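Going in written order, the chains are labelled A, B, C, D, E, F, G and H, and every chain counts its residues from 1.
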Amino acid sequence: MSKSVLTGQHFVNGDVACAEGAIACGCRFFAGYPITPATEVAERMAERLPQVGGVYIQMEDELASMAAILGASWGGMKAMTSTSGPGFSLMMENIGLGIITETPCVVVNVQRAGPSTGLPTLCGQGDIMQARWGSHGHYEIIALSPGSPQEIFDITILAFNLSEKYRLPVIILTDEIVGHMSEKVVIPDEKEIEIVNRKTPEGSKENYMPYMTGDDLVAPMAKAGDGYRFHITGLTHDSRGYPVLTPEVQKEMVYKIVNKIRKNRKDIIYFEEIELEGADFAIITYGISVRVALKAVQMLKNDGIKCGILKLITIWPFAEEKIIEICERVKGILVVEINLGQIFLEVKRCVEGRVPVKFLGHAGGAVFKPVEIIRLIKELSEDGKN
Amino acid sequence: MEKIEISPLGNLLREDRIPHIWCSGCGIGLAFSACLRAINGSSIEQDRFIIISGIGCSGRAAGYTYLDSFHTTHGRAIPFATGIKIARPSSKVIVFSGDGDLVAIGGNHLINAARRNIEMVVICINNFNYGMTGGQEGPSTPFKSRTTTTPYGNFESPFNIPYLVESAGAIYIARWTALHVRRLFKSILEAINKKGFSFIEVISACPTSFGRKNKLGNPLEMLKFFHKISVIQNNIHTRKAHLDLSNEIVVGKFVDIERPDFFEQYKEIFGSFPGEEVD
Amino acid sequence: MKYWRIPLDIEDRVKKRYRILIIEDRCKGCNFCIEYCPRNVLKTALYFNVKGYHPPVCEDHEMCMGCGFCQIICPEFCIIVEEEDGKD
Amino acid sequence: MINKYGEIVITGFGGQGIVLAGNILGKAASIYDNLYASLTQSYGPEARGGACSAQVVISSGPVLYPYAENPDILIAMSQEGYNKNVDKLKPGGTLIVDCDLVKHEVERRDFDFRAIPATKIAEDLGYKMMANIVIIGFFTSKSKLISKKSIQRAIETSVPAGTYEKNKTAFTSGFNYRDNSVPSSVRN
Amino acid sequence: MSKSVLTGQHFVNGDVACAEGAIACGCRFFAGYPITPATEVAERMAERLPQVGGVYIQMEDELASMAAILGASWGGMKAMTSTSGPGFSLMMENIGLGIITETPCVVVNVQRAGPSTGLPTLCGQGDIMQARWGSHGHYEIIALSPGSPQEIFDITILAFNLSEKYRLPVIILTDEIVGHMSEKVVIPDEKEIEIVNRKTPEGSKENYMPYMTGDDLVAPMAKAGDGYRFHITGLTHDSRGYPVLTPEVQKEMVYKIVNKIRKNRKDIIYFEEIELEGADFAIITYGISVRVALKAVQMLKNDGIKCGILKLITIWPFAEEKIIEICERVKGILVVEINLGQIFLEVKRCVEGRVPVKFLGHAGGAVFKPVEIIRLIKELSEDGKN
Amino acid sequence: MEKIEISPLGNLLREDRIPHIWCSGCGIGLAFSACLRAINGSSIEQDRFIIISGIGCSGRAAGYTYLDSFHTTHGRAIPFATGIKIARPSSKVIVFSGDGDLVAIGGNHLINAARRNIEMVVICINNFNYGMTGGQEGPSTPFKSRTTTTPYGNFESPFNIPYLVESAGAIYIARWTALHVRRLFKSILEAINKKGFSFIEVISACPTSFGRKNKLGNPLEMLKFFHKISVIQNNIHTRKAHLDLSNEIVVGKFVDIERPDFFEQYKEIFGSFPGEEVD
Amino acid sequence: MKYWRIPLDIEDRVKKRYRILIIEDRCKGCNFCIEYCPRNVLKTALYFNVKGYHPPVCEDHEMCMGCGFCQIICPEFCIIVEEEDGKD
Amino acid sequence: MINKYGEIVITGFGGQGIVLAGNILGKAASIYDNLYASLTQSYGPEARGGACSAQVVISSGPVLYPYAENPDILIAMSQEGYNKNVDKLKPGGTLIVDCDLVKHEVERRDFDFRAIPATKIAEDLGYKMMANIVIIGFFTSKSKLISKKSIQRAIETSVPAGTYEKNKTAFTSGFNYRDNSVPSSVRN
């Protein structure tokens, strides 16, 4: 059997790095359906899983893939699927099932430019809000966004850890450029990889309740086939997992799945502050767009403008507190993303008019040029002077 | 509610959830009871059984079964079951759901699971309509039958479901009416012991919707009617397994063959299947 | 019309005495048990249960041959056939 | 026109025709009595046998809030429905029950209590499904909120064409039913 | 053949009123898949369409229903489907196809409480954000929310009119209570119903381009089978409808589908101001929740508190300008909705801290009690005094 | 690009979109060309034809056809076509798409349209994989074949697609390889004139993916190979229409029957179908 | 191996002269036309077209019998067979 | 270590192995030369025959912006790729073309122009698919950005196991190819 952690240096693309991250932290089930630009995740899994005692299955569509990873997760496996916009839309219903049944799993969306079939081979960041709101009903989600093959490796592990810890589907929102870009990926030693596994029940099997939680709002999860004889439903349910179709139980259940995220924001929200110390302006961005911002910040420095970057790693839940804090420090904010304003809306909401917020959007198919960022930061700077 | 130890099939029933939601005289209860008796009747360790349902009146079965049991989304019981079965290859997976769930919205998964010949027993309650939502037309509704969405009579023709799943690759196929309680029991028991994809269609009365719309009388009359027009023809080719409410319902065990199942084929490629041994 | 053949062990059975336990409030009055009892042991009660249905009543325990069919056919899991004095 | 306002709750199992009963009352009030009426319903997933209730709010002006928080009239065709709702009944209001299905057990006596074996009557007429119409007939004889004529027209235009005569019989049986219960004086 | 406009008074539920509205304004194709609490829309259509020369077809699932109404629309019919949360999630991919191909049609979502199967028979307003963001990629949508059977009749006609005028799927976001509530619905005389039909091409058939627009950004739409020989694709396309997979054409196309909405906000955004004149507080709400607010406002008036309601009829695009304007007039805002904060986020974003904004949410399964609103408005009022 | 009037099939080709995206020697071009020739060869007014595709290499066909043409979403060509056909009952609807599009993600629509027997010609390019995305396994990939997601060989078995659609209700079913250009042409022509649901499977070379992974040589060799192992067996029951690349590909016209179609059944209920006359 | 029978009207045809028009830059070099021409009229060019493929060339027009098969079998729509001096 | 920075664009059709070529260069630089390298690609929906390009940015420090806006080296294996990119070539840079597939027509002369009939050479070797390796060999002989040894190792670890010898031959043929073009002086 081949090694599951390929410790060493690799020149691979983001999709491959994603697959390696998953395997490195114990993912042993992948249900796939090909779609550009996420196919390489599936292909790598198809090649690697059989080497490490895992199973790759190609399902008949994305509805089935999503359902299958939920099933496998209840069978005790760490499970993943990958897709892009059209497939992500199709997965929405069963992502909702994962949310309400509190099933750990990871869904990778390598974003391309939409809407619809759009530009299948070109980049976009248009599914940000969809990741938050795409399934019906009210819930909270975790979504993470890497900006390089190395990050996608690391973040895939983080995604599994969060998903196991908080028992929910975690979404990796990457994009075509990161997915298809090859760079050096350093895979650490197996021992250095921190892995979180779901809590498993301890007491007697008969008394096991799949949704009976303590203060942490996350219940231990039994494995199907082990004799716990639990029941799981997509209906509103109580701590036994039994359907109880009343507003009271609905309230309890929905608040629980919402609060396990809302109350653990500190633990879940990752970001990186780049040259924000003493900066006059902040660029808020994520994924591939960070790379452009990095170059722009360098160029601005040459022009004597102090501009930093807030790189969002956790997209959802949204880093509200951080944004509010940054408002206190800077004179203006620029939001940069490859869509027509999604995180921009969130930033506006948090900033509440404290400082000017500008937006640099892109309809998709390409990444920005650094000069576009520079122009807008300079505008912010000029506006500030008047 | 306290557990009444004495209840029939109490060992497999979530007593605290009984009474179930099924209407008076609904055929689902009969089929469900046959299913539980078959589980009891098999010599397989009960903790290995996992029951998975989609959404619908029939889909509520999982919720009444005192086993690991999953009530998934509409149409997705089979791919969910596929995930579980692969993760726990030694489990015995039973999918219990309705015609709408399995053959309308879930049709693609049904045929693909049959193609894969992945071991599971699919029990499909065919009551000719969507009971849960009040009795609408679906791919199992007979031509000219009335439902709430075919108030002038259905202008579509139904699938011959056994034929469909045979063409897709199922290795065990039977059809019984809900009143064939003993034969149904036996079929489920046989199917549980098959290596591969088994499919059992249960012609069932939905007196509340289909029965009322089509003037088929009270539950008892409806049940008797289905039973009366049914003709047992074991081993007949599924193509000829006609189902015509104005004529006859061909019932029987139609298919019972061997063909390498998903796990066997997997092992042919890889030598072994990860995880537990498949028995 | 009756669909159910007489059990082969009928002779043994008739010698024994059976008790028909009915969880009345679960009953939804479908009458299957009444219709399909080969010995016509069960009758419709005149009273309503909590759900507004008339449950079956066992009029004559002596008649029962313990075939268990009423138990099998009841879709509501409300009938248990027990051998009198026997263990279940 | 007098200023009218009334809240009616009808409660029972799915399958008893609770919503149809509410519909008949709402229609009678809004279309034939030229009032405003709002009918809301609550029911579970069960097609038959589950808890089910219909709330009808009737008013001379547009109905804002469509829920009957404190019904003037409670018609209970199941024990569960009775248990859930009897405490909400407005003092001075009217409680109507199917006395074969509901045991009237609460302490309260500050309302008019009326009992009718509606299901039994319907069964005896040969159409068990029309217990709802029987009880509507009975209701009509006990309340002035909606006119008898309008309720009769509403039944006529609401039930399946071929069944009107039977429904009419059921209505009349209910309307003419003499219960023994005496209006209890409002004590509260 | 039966009448298509049933002029007169009817005591019917919202679902039925919706169907009658559709038929009254010329909808002649309905592809359905039953789901509580939207089934009655389909059932009414199944009964009525054959009476008026239309076709009801029940498809095998919601994916198919959505695809079928797009096809029928290109065949020249006004087309509709109805669903609730789970089916709405499944329709998302093909709603995206409707957006990018600019296909008029109407999708009715009678909301129940989610997530997942949730409370199938009970109300919710949890799909508000999903209606805006549920399909992948960036786009704009129109969504309308009625609060009574009468309104659902009227708004269904409005929905068809907007969808024909702006060539896109329009969403009706109603809820279980409105859908199942019966009230008097007055259907006007046929002549009084204003109907907008899609623009049809005029020039030569050979030169027809399905996306060639003037200033109004909406192109005339030909009917398949009439010899125009046009091509339609879900890929990024130019004005001929041909796929052109470049960032430049992507930009042009996406901005067009976004701007045809953004630039016509005035024409699209409907709302109702109730007792807002001189009010100290504003309740912002929609759908069934309005009915509760109405009662609360009456009760508050008795307590001497002047509180009005901004009833959103058009949910998307969002009534930003109106919200901003209201901020100038009131001392505080309360947002009321049956979810855990969706329109609330939008209001916060628009208010930008100008006045305090409180939120009254509900997990679903029931509607608020007026007293809950009263308590919060009084809190706002107290807070203002300190 | 200016229109080159002289091009073969130029009357039905969007010349300004040629060259198409298909790889050198891909079988799709052959099938597409046969389809256009059949349209030209039919006596039906060309403006009545509407061509609808899903997503995939094969799905690009709609975009090259100078007719009303729709390139929809992956798997949804058939329900989209159903909507169009109902709105324009006198149109001639051709669905041209791939095995993945029609039988993987679109499988449910395929069987339900066959069940409805709604008039359309479905041309399914079976190249044993998902060409567009680089050659992954699908429900048409033979057991043991290599694809990018079955690098060790496919452990699943494929559908017999003609059998599947026959069991679902199709009234015209044929299978040819892409090199059977004349027979394929004839089948399409016949199907165009059928009243009901017709299905034509075209065994096609995807030299770039399936060919390379399975060492089937260059496009020409691959095409010849499929042709060589194919055996014409008209009217054979579809169940026996084997497709085994290590043995034989049974080709032929398998089904050509009459059965009331969607419109006829509609008319039986309602007397007439709204809109234009169905011819 | 050749799969294509000789056309029945071959005698008429051979009397006529045909022109093979090749839209060279469309060609993707699959060689189908070359392989399946019953008269071996077409050969592979030595040069590349803009796409880097070697298109076919018609070496001997005289040989062509106008069967049109090269036109039918070309998946790129780049061959037209025209009767010389004839109308298409 | 000297401070290195270089941008390479390789452009051609899908099917010519453009991305593999970029991958070999990126891998050589980042894994074997211990630099940083970033490979991005752009391609259309066509599996074969569509426009395709690979951009490799090589640097001694982490690559921030992964796009080659002004390549130091442009390798063009199609006319379309040449047309699209030639204007972006950095003055003083190097242009390498497959001279059978690209006509070098622009006015600019401020770069080093190199031509090789790579496809022809590969065809003559009997493996047409290796034109990319031929041209990489040629590139290796003309540029010092990445070491020959590293490129050779990258080829070895990137191509299918059985094909290494052939690829080596292709590489050598390219490496040893003597073109007639003389470095044009930087004028601009």
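One rule holds for everything that comes next: a contact is a pair of C-beta atoms (placed from the backbone, for glycine too) under 8 Å apart; a residue touches a chain by one contact, two chains touch by 3 or more.
All figures in this text were calculated on a predicted structure; none of them were measured in a lab.
With steps allowed only between chains in touch, the distance from chain A over to chain C comes to 2. Among all pairs of chains, A-E has the largest number of C-beta pairs in contact. Once the centre of each chain is set as its mean CA position, chain C and chain D turn out to be 37 Å apart.
Rounded to whole angstrom units, the spacing between the C-alpha centres of chain D and chain G is 86. With centres defined as mean CA coordinates, chain G is found 27 Å away from chain F.
Under the contact definition stated at the top, the residues of chain F that touch 2 or more other chains are 19, 23-24, 55, 71, 73, 75, 104-105, 107-108, 112, 132, 134, 139, 152, 156, 266, 270. In chain D, 44-45, 48-49 are the positions where the chain touches two or more neighbouring chains simultaneously. Among the residues of chain G, those touching two or more other chains are numbered 28.
Interface residues of chain B, counted against chain A in their complex, comprise 14, 16-17, 47-48, 50, 52, 55, 62-63, 65-73, 75-76, 79-88, 90-91, 108-109, 112, 266, 270, 273-275. Chain contact summary for the complex, chain C toward chain D: residues 28, 48, 50-52. Those residues of chain F that touch chain G in the shared complex are 4, 6-9, 13, 18-20, 22-30, 32-33, 37, 179, 181, 219-220, 223-224, 227. Of all the residues in chain E, the ones that touch chain A in their complex are 63, 84-86, 88-90, 92-93, 96-97, 99-101, 111, 113-122, 124, 126-127, 129-130, 132-139, 233-236, 245-247, 250-251, 253-255, 257-258, 339-342, 345, 348-349, 351-354, 362-366. Those residues of chain D whose C-beta lies close enough to touch chain C in the complex are 13, 16, 48-49, 77-79, 98, 100-101, 119.
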